[in-house]
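Per-chain residue numbering starts at 1, and chain names A, B, C and D are given in the order in which the chains are listed.
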Amino acid sequence: MDRVETLTEEVLERARKIQVILMDVDGVLTHGKIVYDSRGIEIKHFNAHDGLAFKLAKVAGIKTGIISSRESGTIRTRATELQIDYLYLGKYKKITVLQDFIEHNNIKSEYICFIGDDLPDIPVMREVGLAVAVQNATEMTKNFAHYITNKPGGEGAVREVVELVLSSKNLLESSVQKIWE
Amino acid sequence: MDRVETLTEEVLERARKIQVILMDVDGVLTHGKIVYDSRGIEIKHFNAHDGLAFKLAKVAGIKTGIISSRESGTIRTRATELQIDYLYLGKYKKITVLQDFIEHNNIKSEYICFIGDDLPDIPVMREVGLAVAVQNATEMTKNFAHYITNKPGGEGAVREVVELVLSSKNLLESSVQKIWE
Amino acid sequence: MDRVETLTEEVLERARKIQVILMDVDGVLTHGKIVYDSRGIEIKHFNAHDGLAFKLAKVAGIKTGIISSRESGTIRTRATELQIDYLYLGKYKKITVLQDFIEHNNIKSEYICFIGDDLPDIPVMREVGLAVAVQNATEMTKNFAHYITNKPGGEGAVREVVELVLSSKNLLESSVQKIWE
Amino acid sequence: MDRVETLTEEVLERARKIQVILMDVDGVLTHGKIVYDSRGIEIKHFNAHDGLAFKLAKVAGIKTGIISSRESGTIRTRATELQIDYLYLGKYKKITVLQDFIEHNNIKSEYICFIGDDLPDIPVMREVGLAVAVQNATEMTKNFAHYITNKPGGEGAVREVVELVLSSKNLLESSVQKIWE
């Protein structure tokens, strides 16, 4: 990943400590579209490259999790398929989820990465070791990010963050090998 | 919002008076896609950033409403979720809805903002205090707008208008704080 | 429509004679996506601006029609809503449909416009008075077009053609007025 | 296809030998979106121009096939409609599928083209005569490709590869004629 060369040393240093990657859903794992049909059934657009990101994280020993203010059957279906470790849905106040997570898992906030795109994500981004805003995040959200992805949410932003973290730890190549085995 | 600096004083002055933001649906709250499945069930693509726009408007005391020529179960689902104040569906003649709205609520037209994208919206845009066309509006519609959004409909255009109105009133920062509480 | 100025006199002359606008569906009234769910149910993405194009054509006295090699419930739903005059579905050999149409309606081919995007449309495009390829048409298809739209299929290409035809006949302004009445 | 002029002689030479075109699905026949509704039903977005690619391949005597790590009812529906020759779903280890395919059909790997977009495709791309990465493939995948398409997956990438192969064999024009007959 040549991109690593262009990352600031500060971002790489933050990335090297990450043990858990938590993220918002709408706008991060999707492009932010909220889709309903006329019977009220919801539809969500995820991304195949992001799907492999969760596998790469798993073989590298990085935990992953989702915090969303919305409850959603589509997220549950996709999270099960991707074997995501932590799933917090219907949580409008995300900072409370983070505080409980830190306490319950006895983990320092500097070991946590959070990926967000809008206002409700900012209180969490202020606390974690590596705060990431996706390319399509609102301007205000980007102001609170250590790193802004090149790819938009739902089009590979999560994959980009996972590869960044794995590269910073020199784990990307070995993880790819394990994917192939 | 740095953008405010680049807005004309006329637009800001119009924005400062706004108490109600009304809008079309197709092309404004969506990108203009009309989606059906083979059983005739309709699907609509809304936007998460726009969703938060309605919350920001609410905490700032700005009323919101929808006027659409089409009746749609998907709009009803989304409007309920977003707690939109006024909902006028299946109204082809939007100017009549506006006139009734003005009379019934005893409100001056200069206090109303309308966001549109196509011909049926123009008669309404001619009457209101702040007429907005989205980026993907037809050329003719843009000719009748005081302000043209940078973002397309369904990709944050409504959020842009709400932030513009709140900024003009110096209410954006306090509204964001209330979102976080 | 300022664009008319930049159209060649040949295209305008061809457009002035048009009485019927026929078109393909996939890639023209949609962007070319073929969407299925896991039960085999098909979904199609149409466009709101194109929807108004059919109303503009109707008030201007221009007939409209669809020729598609695929049978589709979604097209039937949308065609009914838009009051499209002619509907030929499941017709792989489109040139036969055109020949029957010409004979049955006793209309000269120079009065017919056809909008296409791929190989099966070319035999029809060779015969009609105004052959249009959408922006997203294959290169080979564009070679057989008198006019190539600026907008892609499913994003306003049909609206662009209807406005072009109405403008060439000086009917656009009066048709818009009728839409507003 | 003017593009052929700009292809390297090596790519053309590899293309001339191709008898079978195999491909991944997500990211290749689609843009990589994984779409679910709230009941767990999956939706896939294919492309009409790609659909015609399979017809062009068939009339030219080129076999086509799909290898996907995911089992999917949407792929089965689309594959039946397109009369795709080989269908391998739910196969995470694609290289094993390739090896079995080669042995069972007694075909040399240099006669096979494979189109991929991500890590699981690379072991297959290393073996075949013509390895193609789509425009939206991950950087690492592109490193293993003889040819990178101009069009993204789900927006005509497969059509581009089929036309490339047919052009290299001087079969494109005659195949188009057969489509029209």
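Points worth noting:
Rule of thumb we're sticking to: a contact is a pair of C-beta atoms (placed from the backbone, for glycine too) under 8 Å apart; a residue touches a chain by one contact, two chains touch by 3 or more.
Everything numeric in this text was worked out from a predicted model, so none of it was measured.
Of all residue numbers seen at the subunit C-subunit D contact, under half occur in both copies; the interface is built from largely non-matching residues.
A rotation of 90 degrees, rounded to a multiple of 5, brings the CA atoms of subunit A into register with those of subunit B. Placing every chain at the mean of its C-alpha atoms, the farthest one from subunit D is found to be B. A straight line joining the Cα centres of subunit A and subunit D is 31 Å long. Subunit B and subunit D have Cα centroids lying 44 Å from one another. For subunit D, the set of residues touching two or more other chains reads 37, 43. Those residues of subunit A that touch subunit D in the shared complex are 1-2, 37, 41-49, 51-52, 72-74, 77-78, 154-156, 159, 176, 179-180.
Taken together, the subunit B residues at the contact with subunit C in this complex read 26-27, 32-40, 43, 117-120, 122-123, 138-140.
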